Amino acid sequence: MASEIFVAVLQYLISGLTNGAIYALIALGFGIIFNATHIINFAQGEFVMLGALCAISLYQVFPSLPAAFLGATLLVTLLGLLFERLALRPVQDRSPLTLIIITVGGAVLLKGLAMLWWGKEAYNLPPFTGATPLHLGPATILPQNLWVLGVAALLVAGLEAFFRLTLTGKAMRACAYNPVAARLAGIPAMRMVQLSFGLSAALGAAGGILIAPLTLGVYDMGTMLGLKGFSAAILGGLGSSLGGVLGGLVLGVAESLASGLISSGYRDAVAFFILLLALFLRPQGLLGGKG
Amino acid sequence: MAEAPLLEIEDLTLSFGGLKALDGVSFAVPPGVVKAVIGPNGAGKTTLFHLISGFLTPDRGRIVFRGEEIQGRPAHAIASRGIARTFQLVQLFDHMTVLENVMVGRHRLSRAGLLAGALHLPWTRREEAAIREQAYGALELVGLSSRAAQPAGFLPLGLKRLLEIARALASEPTLLLLDEPASGLDQAETERLGELILTLKARGLTLLLVEHDMSLTMEVADEIAVLNYGRLIAEGPPRAIQRHPEVIAAYLGPDWQG
Amino acid sequence: MRRLTPFAPWALFALLLAVLPVALRNDYHLSLLNFIGLHTILVVGLNLLMGYAGQISLGHAAFFGVGAYTSGILTATYGVNPWLALAAGLALAAGLAVLIGIPALKLRGYYLAMATLGFGVIVYIFFVQAQGLTGGPSGLSGIPALSLPGFTFHTPLRLYGLIWTATLGILALSAGLVDSRLGRALRALHDSEMAAESLGIHTQRLKLLIFVWSALYASLAGSLYAHTLNFIAPSSFDIMFSIKLVTMVVVGGMASIWGSLLGAGVLTLLPELLVVFHDFEVVIFGGVLMVVMIFLPRGLVRGLLDLWEYRHFRREGRTGG
């Protein structure tokens, strides 16, 4: 009996970490834009959805997964830049209320467009290296799970390297810490904002492509993912890279365990309970991001 | 002179991170005087105002108003005890008219609740008429009654500052805090302001004033307190402060040969 | 804010309302007007919260649902008197608003928006999951009509009378609120919370008060909705509906009572008129939100009024003292 529960928990952990890795990527996306602009981009989840669906469409035209991955990521990155240019640059009144409604509108618009283009059906993206389950002790793990965890880890590491080692990355961090000083030092604010949107869109798209073989691609998958990714960001500490990763993984695992052990119907509610708890009790997150 | 002070500050201390904004400041404000707080930029003057009006809580120290300790209390609670203020960066209700801005000043002295107000019950109508009348009175005092129906956001800065004072006056305070009221005003406007301050004092109001404009300060203040780096370095009548060596050093540098 | 000339527009409006059903005679059109009425009640409440008080709620559909399901469940499953059930819905919505409002309204901007969004999603998931109580995704049917002794509100015409009496009452009450001491305090709160506090306004309590008030409106609309359709399903109370409500506030104009009516009217009629373009509904809502907020952040009607006021007073300001 105990060993059965143990195996079950192990399974939940695996799926939880997999989902958590995606939440982490989305959380990082939120954090990057927030650090550069102090805006929460409600459309972040839609970038995830678009990444998945674009990859699926590209794959249908040209059946190469690496090409689809890269192509879709590139497309969505361009879309992210376009979004910043059209939706946010011309805004007259930059109060939070206005910006929230604009990005919410943007999210709805993107979802609507996706629905028009791809319809309401769910599409398939083949797993990157097949669907034969592997065995990790008593538990089974799909190759795709490993892909998600591996690529996500690589992306996070790459992101950290970018922020710490490259000049552009350091410039972005400078903007986050002290926008005025950064501008005085000659760092072009507009470029940084563009860059932040491009990066976030890319991260979101990658997340979507990674998870698509496991959960299918549908026009409305972005909403929940985006919100959960935001919950993860708040949980870990908005703006903190490590916080985003931690928040994502904790959320994914908590969600999976609660869903498996308590009630699967309320699975989605877990993320939002955690969000509310975080907002009410510790809005700066576990790792205490920027104020 | 044996009258109890209206406001007493005792050992007031507040730090932001590693920076001590105020360090053990103590002074008193007797009733019916105009007291000015001066000092170089960053000396802690606006912090002092925020502490008195309840927007900040001190790390240490007491603020006693009419015999009651008020430090750490929320801003609305302090306002309802009779302290009103203006802000360094004018905080008007831009989307409301000049008159409506001042009418909000009557909030703490009126009672109409949500339902009664929404239903426009007879007693609330009477109250509204009274509020309107008193608001007009405050506007007349500062000379803005001709602009009552204008949206407040469109006024030039000098008039905005006067409006903010009118709004504060409408709440019938015992103590009025003015945070750099002359900032951004020209000569004529500053003179008008000085006259207003003296008029208010003649009506029994106590004023605490943060100001950079020295001629205005010298003209209206009965007492001056000087802050530098969060510390009180001098206190007394204007003439004495003018000649005080530490004050001169604070403003002009320690090597200035007067 | 223009002073509301007491009686004229209201009398005219009431007259128009009385005449309309006679002119229309068509059940379908009457039903449409009924939905506009219900949406107006919702939008006015949200407008008080967002447009006047300047707070954000992206989960307002939750209170709509609470009213609907409380009325639906109590009357259909337990045979409770519909008017009592309506009152129970109001109480429940108010209680929930206090519960979520106290912690949430301490937050600002994005955090507040997210908190209300999270709350809305949780309530929606509850409607879907608590199948024994709510009937789950397939909904709850068999909800009886509202009735007075000897008179049942079961036809579109009769419902029209009931709904629009309520709507008119809500509009008048809200206009009265805006034009009162607390209405001023709300607008003050929006423009400068700091200044409002410094004048003795207890801003936290005021925010909570208006949050509860708007929840009550939503619950009322929900109960009426349940007794109009005699059937409710969770899909009517999801995030998308919350966003539609925000769109109606934005289009009609924030801080405008009549604007709420306009926004509700336009965005209820639009999907019906564009029935051929039904698929475009989502895109249109999103697009409208974005375009209006980018260029006219105070909403369509209010934004245009502002522009007019700006031109008018800018000229005067130059010649003034």
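Letters A, B and C name the chains as they come in the text, with residue numbers starting at 1 for each one.
Basically, a residue touches a chain if its C-beta (ideal position, glycine included) is under 8 Å from a C-beta of that chain, and two chains touch if they have at least 3 such contacts.
As the structure is a computational prediction, the values presented were derived from the model and not from experiment.
A.B. asks: Please identify each chain that touches subunit B as well as subunit C.
C.D. replies: none
A.B. asks: Just to be sure I understand: the centre of a chain is the mean of its C-alpha atoms, right? Then which chain's centre is nearest the mean of all of them?
C.D. replies: C
A.B. asks: Among all chains, whose Cα centre is located farthest from the one for subunit C?
C.D. replies: Here the answer is chain B, farthest from subunit C.
A.B. asks: Starting from the mean Cα coordinates of subunit B and subunit C, work out the distance between those two points in Å.
C.D. replies: Computed value for the inter-centroid distance: 40 Å.
A.B. asks: Rounded to the nearest whole Å, what is the centre-to-centre distance of subunit A and subunit B, using the mean of the C-alpha atoms as each centre?
C.D. replies: That pair's centroid distance is 49 Å.
A.B. asks: Between subunit A and subunit C, tell me the centre distance in angstrom, where each centre is the average of that chain's C-alpha atoms.
C.D. replies: 33
A.B. asks: For the complex, give me every residue of subunit B touching subunit C.
C.D. replies: Touching subunit C from subunit B are residues 53-55, 74-76, 79-80, 84-85, 87, 91-97, 100, 103-105, 107-108, 110, 112-114, 117-120, 124, 127-128, 131, 146-147, 150-151, 154-156, 159, 167-168, 171.
A.B. asks: Tell me, which parts of subunit C touch subunit B in their complex?
C.D. replies: 1, 173-174, 176-177, 179-185, 187-188, 190-192, 194-203, 209, 213, 255, 309-310, 313-314, 316-317, 320-321
A.B. asks: Can you check the complex and tell me which residues of subunit A touch subunit C?
C.D. replies: Per the touch definition, subunit A meets subunit C at residues 40, 87, 90-93, 95-98, 100-102, 104-113, 115-116, 223, 227, 230-231, 234, 263, 265-266, 268-269, 272-273, 275-276, 279-280, 283.
A.B. asks: Residues of subunit C touching subunit A in their complex?
C.D. replies: It comes out as residues 50, 54, 56, 58, 103-104, 107-111, 113-115, 117-119, 121-122, 125-126, 128-129, 239-240, 243, 246-247, 250, 279-290, 293-295, 297.
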